[in-house]
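Right after this note come the structures.
Two complexes come next, and they have one chain in common, chain A, joined by chain B in the first and chain C in the second.
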Partner chain A sequence: MSTFEFPPSITSRPVWGKLEPRAGKSHLMIADAEGAEALLKLAQADGSLMTKAHIMYFPGETGDTYIGKLEELAPAQLYIGPSYEAAVPRLRRTLAGAHMGLQVYLTGTESLMGQAMREATDAGIPHTAIQTEHRGSVARRMQCVHCKGITENVMTDPFVCSHCGLNLFVRDHYSRRHAAFQGVCVDAEDPGNVPPPVELYS
Partner chain B sequence: MSAGTNKIDVTVTDIVPLNDLVTRFKFERSDGELLPTFSGGAHTVVEMKDGEVSRLNPYSLMSDPNDRTAYTISVRRDEEGRGGSLFMHRNVKVGDRMTISYPVNLFALDLRAKKHLMIAGGIGITPFLSQIRQLDYANGHFELHYACRNRALGSYVDYLTSAHPNDVHIYFDEMKQAIDLENLLDGQPLGTHIYVCGPAGMINWVRDTAEKLGWPREAVHFEEFLAPQSGKPFQVELAASNKTIEVGEHQSLLEAIEAAGVDAPYLCRGGACGQCETNVVDYDGEILHRDHWLEDDEKQSGKKIMPCVSRFEGKILVLDR
Partner chain C sequence: MTIQFNDETFRDDYTFRNSQWAIDRFPFPFHEDSYMYSVNMEQHQGGPAGSIFEKRFDVDEHYVSEMRDRALVLAEDPLRCQSLPHMTLAGWDLLELIMVSKSEDYPDLFELHRDGDRWHWINRPLGIDQKFTFMDEATLPYGPMEYITRQTQGDFAVLDQRDENLWMDAGIVTTQADWSLDFDIGMNFFEWHAPVPLAAEMGIFKRALKFLMNIQQGAPARRLNWTMTVNPRLDTSPENYHKWGPQKMTLTPENIGRKQHLRVELQTFFRLPRSNGLVFPIRCYLIALEDLVTVPKWGRRLHRVIRDLPEELAEYKGFTANRAMIVDYLSKFDDGLPTSDGIWPDKDTEPPLQV
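So, the complex of A and B:
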């Protein structure tokens, strides 16, 4: 099962929903890894979406698992790419040419949804109008509040900043602008006194 | 009186009839000081003392939001209404002292929008006049589609078309010109927000069409002030203040509560803002809900009423006020 119930937290922490079909002139769907499952469910709920859908999919470690099934949905456009980062220019170009009436669906990891959400809101879509559904890994995209460097795929708390090497505590405090959770030095007062890392949500 | 509605004493310094129906009024502070700034789309509540009766009507501010020396409003004469607009047209003279509220904005521009698509019907043009001025300063991108009966009754048509020839589109009903809404909404760039002000039918038409075409609710803004309607007089018990009051035929429930000296909250006085929501303790009869605020199930529950526009017919109505 690729779903996970995040426990309730502070208001800053994004809350993800469930994708549902909505009326629209066109549909942009962005997914990584197990996010494909949410798109398959969405297509089941309303197959007609696919004739006006542009899917951008990043399989990552799931490899070929979902590709055949996504192809079977026969979306108007299906782009399968090696990474979200590599597809950002494509996404920006798509949004720049888009019109009102576009529905955006984001699904997969928090890192993917957060970053794609930022592009969509920069393009002028209210963030509350963008649908999301979390699937797959609970790894986080973290910003070090000290050096501002971003560490992707953080699975433990605390963790070591991949840029400045500080030991960082994983907070639920989230920045929509950085599309990242905030990591704060855990041993600032007593250097070296670092609690043993624990896997997130274990 | 109401929380959040400070008053300003003003003097009427100019009255300009624009056409058969609409007259413009200019207010300056009586103490010679500057007025508060406001943002495009804001309204003020004007108090009218008509002998024994006092009426408080909201009007959109249509002047330049950066001009603190004066506010202007445009009032459309409504022969069928309860007389607020007639009072403004007939009784108010240059030099009169009046009381208005601080500006309140329930129809503000969303400045995150990449483009502002404005749709106005008739006197619904007024909030757009100040919004457009605000956007002028910021070089904001807008397009106005304004429908009115004919050229003679099209308030500010000439001003708008000469100041913004490329961005203003006028439609005269009598010439069978109509906004081609589906076409207009189709193909608007991402980040466009819609603003609509006009008759209820127009607002619903725009909201429904936008929803059908997949526009997010957050990108569709609307303002419709409902004027309180006259109706049969009725009696109300105010439980918290232990008073029984009469609501006259041409009085709103809110005005009757105020006339009894009971402090009741309000902002828009037009059934739109939610501020005046009041709990119904008990009733035997029919609550005539006329607001845009309560959800349908709340209206049916009989537990809430919006006294600025809604009325009652029946034996007893007890309010928690």
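So, the complex of A and C:
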């Protein structure tokens, strides 16, 4: 099963929803990995969405698992990309050409939803036209508060900053502008005293 | 009075010291013998002569050295000063507010001459003489917010007011109690307060936000907040936590009076006229425990407050590890006598320490 119930947390931490079909002139659907399952469910609920849908999908480690099924949905546009980063110019171009009445659906990892959410809101899409649903990995996108580098796909607490090498603990404090959680040096007060890493939510 | 500006440091050799004048006017933040979060706001319309509440932007003996420390922080990390594009007008509002206030409140230190848009600003303590065109960024060496706050003690958060909320869309933050402007910029009132324990459940942030959104031009407000800092370090930022964090482990019963400081923030709130933004100056005052306990009432009271503080607050403020040592030190200055209401030292009426 690709769903996970996040425990209640502090107010800066995003809360994800469930995708529902909504009336709209066009539909932009952005998903990574197991996020495909949420799109398949969405299409089941209302197949007519797909005739006006642009899907941007990043399979990542799930490889071909969902690609055939997404093709069967016959969306107006289906883009399968190697990574979200590579698709950012395409996403920006798409959002720049968006008309009133666009509905945005984001699903998959928190990193993908957070970053795509930032692009959509920067492009002036109202919050009320953006839906989200978490699927798949609970890995986090972390900003190192010290060197400002972003480490993707963080699965443990603490973890090592991929830029400056400090051992960071994983906070729930979240910045929508960075689309990232905050990582702070875990052994600042007692250098070298780093607790063993524990899998997130284990 | 004329202020004698200290030549001192807030890092490395830590030569910061408070004179007797600075100790006597220290903003002791506890009006009773215990402490819990509350919506502790009042009008900011002056205060007793010589107190830190008297002027709109207090200038004290640490001014020149604090500005030097700010310049060092900004040279190391320019992200400590950021302003989203729509905040430039609020920056001009702030520049005007500070220049007008300081030139009126400290005419011997600051002068502002205005001829239409052509302004002339003189800052004597820092040796600045600047002619510029109001609202023309090209005529100043920095953006308006950065220009004036490089000359004003305290951190500044500049808030945009929209959608029934306040948004931290600009600021300069080099003397903070462990929060990051770069991370928090763009957040709303509830988001940037998210890490604070207990206060949200107590309804404090809802009520505080309502109060702030109704602040009118010319009717500023203020409150005090506090924490504990080892060594008189202004830049206790999360960015540099791995550099100052180890200093927390250097406290001993012998050096604690000198090294452990009470850190108090005078937080004020001013409505800005053109942008309708709100500016939130956060002015940091530091005092070594050994200086603080020279006021008998403050020694008695601080001991009781720290001893009885809810654990969540000590944890959030980051002094759990040293709390027992601090309480132990302060207990020597608490003889159990009652204390008078309010924050003032009451040196003439409160009895000396009974030993």
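The rule we apply is simple: the second predicted complex is superposed on the first by the 199 of 202 C-alpha atoms of A that agree within 3 Å, B and C clash if a C-alpha of one lies under 4 Å from a C-alpha of the other, contacts with A are read in each partner's own complex, and residues count from 1 in each chain.
Heads up, the rule we're going with is that a contact is a pair of C-beta atoms (placed from the backbone, for glycine too) under 8 Å apart; a residue touches a chain by one contact, two chains touch by 3 or more.
Because the structure is predicted, anything quoted here is derived from the model rather than measured.
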*Putting chain B and chain C onto chain A via the overlay, clash or fit?*
fit
*asked:* Contact-wise, after the overlay, does A:22 reach chain B, chain C, both or neither (first, second, both, neither)?
replied: first
*Using the superposition on chain A described above, determine whether A:194 touches chain B (first), chain C (second), both, or neither.*
neither
*Which touches a greater number of chain A residues, chain B or chain C?*
C
_I'd like to know which partner A:166 touches here: chain B for first, chain C for second, both or neither._
second
*Could you look at A:128 and tell me whether it touches chain B, chain C, both or neither (first, second, both, neither)?*
first
_Vertex chain A angle, Cα centres of chain C and chain B, expressed to the nearest 10 degrees_ = 60
_Output check: A:101 vs chain B and chain C. Expected answer is one of first, second, both, neither. What do you get?_
first
*Give, as a whole number of angstrom, the minimum Cα separation of chain B and chain C in the superposed three-chain arrangement.*
6
_Considering only the contact definition stated at the top, list the common interface residues of chain A for chain B and chain C._
none
*If you look only at chain A, which of its residues touch chain C in the complex?*
10-13, 143, 145-146, 148, 166, 171-173, 175-178, 182, 184-185, 188-191
_chain B residues touching chain A - in the complex, by the definition given at the top_ = 112-114, 185-192, 211-219
*asked:* List the residues on chain A that touch chain B in their complex, please.
replied: 22-25, 95-96, 98-103, 123-126, 128-129
*chain C residues within the chain A interface of the complex*: 79, 180, 182-187, 190-195, 200, 238-242, 245-246, 248-249, 321
